[in-house]
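In the two complexes that follow, subunit A is the common piece, with subunit B as its partner first and subunit C second.
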Partner chain A sequence: MAMMAPLLKYGVFGDEASLVVAFLIGIGFGFFLERAGFGSARKLVSQFYLNDLAVFKVMFTAIVTAMLGVTYLGWLGWLDLSLVYLVPTYLMPQVVGGLILGVGFVVGGYCPGTSVAATATGRVDGLIYVLGIFAGMFAFAELYPLLKGFYLSGSGEAMTLPGTFGLPYGVVVFAVVLMAVGGFYGAGLLEKKFAAAGE
Partner chain B sequence: MNPYLAGIGLGLVLLAAFVLVGRGLGASGAFNAIIAWAVNLMAPEHARSNEFIAGYLGDGSSSPLKSWLLFEVVGVFAGAMVSGLLAGRAKVTTEKGPRVSVRTRLAMAFAGGVLMAFGAALARGCTSGQALTGGALLNLGSWAFMMMVFAGAYAVAYFVRWQWR
Partner chain C sequence: MPGWISRLTLNQKLAGAALLLGAAALFASPYPGSKVTLDAKELSLIVASEADHVEAPELAAWIIEGRGDYRLVDLRTPAEFDRYHIPTAQNIPMSVLTDAGLGRQETLVLYSEGGIHSAQAWMLLRAQGYTAVYMLKGGLDEWNDQVVFPVIADNPTPEQRARDERLRSIAVFFGGQPRSAAATAGAAAASVAAPAAMPAAPKVVAPPSASGAAKPAAKKKKEGC
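And then the complex of A and B:
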């Protein structure tokens, strides 16, 4: 079978149809976020008090599932991984941005995707959080002339872990799977410990 | 739902995005698109002169609202609502611990949203576009970002615990 995915890049459908696909994919995304319990800020922040590590479990199960999927489809020659968009790496802004975002997560109780799921299921704090995102985005845009230097610091190239560390792709995939499985085991132990310690 | 089952479901949705359109999931980009649209509507000169906003306006031939991520996020809203209604979890309420007033909790939610937006803008993505999507693609910057999200959250969790318990 010849290489034919990503379907959009191979012209199987066009840009207009891709917006319909976006909506359908979003429905799946929102459905599973809500099913995981992530429409609730208390459930989400439990990750950071160690009594419910669902955020870690769901996130890493999803990462491993999609990673194995693209890896196998690539090996079968059905998916051209070089046509899948990689956000360029600007290491320092991404490190600092990650720290700020992590603080925002535990202060506000959500991240952007989960705040939309929370708003959709009636959480007032989710809606206020969404308004906070708009305010923050507007402020960032207005301050952009000042922040531009830092925002653009770094290589700005598409970089991967295998490429950076000179390891075969399959080896890194295997290492991530091992790390996830070890993490799931550790998460179970932590939950037992912190559930026993009480809230 | 069992977290591992939900994770597999989420992973398959992400895989479908890779296979169908050659990109992953996202959320914060949709907010950027709306801000770009709104600023352009109210002050078009100002929007054009701001590089960050101009990036979302493109050559002006199509509306910034015609954004892949915005359509996806509208889907997230619909999908979460369907799931919540089916499970009987959809109700108007404020998520908080017993020791904090609704007003304080909402102020914290707003502050968290502002911080989140700043972080996501700097990092070029949030937990969806960077951690989940870039994580599965073994993106270097995404993995660095993901570690720092957990580091930042664990570092301040103790100081805001009054909000939750």
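And then the complex of A and C:
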């Protein structure tokens, strides 16, 4: 049989080797974050001033690229999509968690991945942000008994857009691509409009 | 290349490519349909090589070790499940098996009273593309005979004694006790009577993955960004 993905699920490498793979992917992720300028809090927060939406564009591009890749690899039969792990959905807790992360992003100027990349290049604000992440994790772990009820509220099933809206998979793919291209066009307009205001 | 394409910026070309691929994706479902092909040759080889099942003592060892990388599925009715089940097992009656949302990547160990239902469920799941399905050989019957109420020798040789001690400690762990060979030799009824005297399921802490989501806890997912 031809090599099938997910490689780990098909036993191409084992759990131990997967840590090496994860390490290499993580290094690559950090490298490209830094190369995109995302090791700098100034670059990151400028998206909230709407004068540089590079973060939005890069992240949405990554989503579209991965989505198209997964779709076509699945269609070709090289990737068994049913074996790909889906994060369980706890809708309300995840909405609240996303908002908290967003507030932290605006206040601290980083998100978790970029703060590590910033720390690796010796930025002190990145280092402080990472320490803040660990403080938050510690506080969360200590408060877990109190938070557990809310943290696990919801079905815990993995929700997907095609499943939730009852749409064919391809329709969702196309809609997301349209959203992305429309978003990039809109982002370009916003950048032009707010470039002067940001000076 | 027509002039208008070469006048586009790289970003515009890439956006155009994404749009084309996105539009084509309308006709390219990545999921296989509900019809499945059953590789009879492959399945028969698996069955012949006995790679389709787990033996009762092996499963007992997994439970004692607290392994969390598989899901133990009890295929019997909820009433039967309530009366007795193997510790850490999860009740998914045969009738709702295919709607239970089991992950195709999960390692599943199926058991039923004897071996028939689990063998049927095994075939059903394999046909639907579940790749890591195993059944408990001999079902609960063999579980009782070999793990909960194992037969030990009456006048053990030194080698047998060590083996019997191990069997005894495993049996006690699961709330049972060994039977002597003499007592069982005459009365085949002993194993029939055993379920009536089934021990209360011991408190074995289920590995987190056994009850929770579709994934061993060891494999945490990291969000992007």
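Following the convention adopted for this analysis, the second predicted complex is superposed on the first by the 195 of 199 C-alpha atoms of A that agree within 3 Å, B and C clash if a C-alpha of one lies under 4 Å from a C-alpha of the other, contacts with A are read in each partner's own complex, and residues count from 1 in each chain.
Basically, a contact is a pair of C-beta atoms (placed from the backbone, for glycine too) under 8 Å apart; a residue touches a chain by one contact, two chains touch by 3 or more.
Worth saying up front: this structure is predicted, and the values here are computed from it rather than measured.
A.B. asks: Per the contact definition in the header, classify A:195: touching subunit B only (first), subunit C only (second), both, or neither.
C.D. replies: So A:195 meets neither subunit B nor subunit C here.
A.B. asks: If we overlay the two complexes on their shared chain A, which of subunit B and subunit C does A:62 touch? Say first, second, both or neither.
C.D. replies: In the superposition, A:62 contacts both subunit B and subunit C.
A.B. asks: With the two structures laid over each other on chain A, which partner does A:111 touch: subunit B (first), subunit C (second), both, or neither?
C.D. replies: In the superposition, A:111 contacts both subunit B and subunit C.
A.B. asks: After the superposition on A, what does A:85 contact: first (subunit B), second (subunit C), both or neither?
C.D. replies: both
A.B. asks: Is A:160 contacted by the first partner subunit B, the second partner subunit C, both or neither?
C.D. replies: So A:160 only meets subunit B here.
A.B. asks: Who touches more of subunit A, subunit B or subunit C?
C.D. replies: After superposing on chain A, more of subunit A is contacted by B.
A.B. asks: Give one of first, second, both or neither to describe whether A:73 is in contact with subunit B, with subunit C, with both, or with none.
C.D. replies: It touches subunit B and subunit C both.
A.B. asks: Residues of subunit A that sit at the subunit B interface in one complex and at the subunit C interface in the other, please.
C.D. replies: 6, 9, 59, 62, 64-65, 70, 73, 79, 81, 83, 85-88, 111-114, 158, 169, 173, 176, 184
A.B. asks: For subunit A, which residues are in contact with subunit B within the complex?
C.D. replies: Going through subunit A, the ones touching subunit B are 5-9, 18-37, 39-42, 45, 47-49, 54, 57-67, 69-70, 73, 79, 81, 83-91, 93-126, 128-142, 144-145, 147-148, 150-151, 158-164, 169, 172-173, 176, 184, 199.
A.B. asks: Provide the residue numbers of subunit B that touch subunit A in the complex, in ascending order.
C.D. replies: 1, 3-4, 6-25, 27-28, 30-32, 34-36, 39, 50-53, 66, 68-69, 71-85, 87, 89-97, 102, 105-106, 108-157, 160-161, 163-165
A.B. asks: Name, in rising order, each residue of subunit C that touches subunit A in their complex.
C.D. replies: Going through subunit C, the ones touching subunit A are 11, 15, 18-19, 21-23, 25-32, 101, 103-105, 129, 131, 212-215, 218-219, 221, 223-225.
A.B. asks: If we count contacts the way the header does, which residues on subunit A are in touch with subunit C in the complex?
C.D. replies: These residues of subunit A touch subunit C: 6, 9, 15, 59, 62, 64-65, 68, 70-75, 79-83, 85-88, 111-114, 156-158, 168-171, 173-174, 176-178, 180-181, 184.
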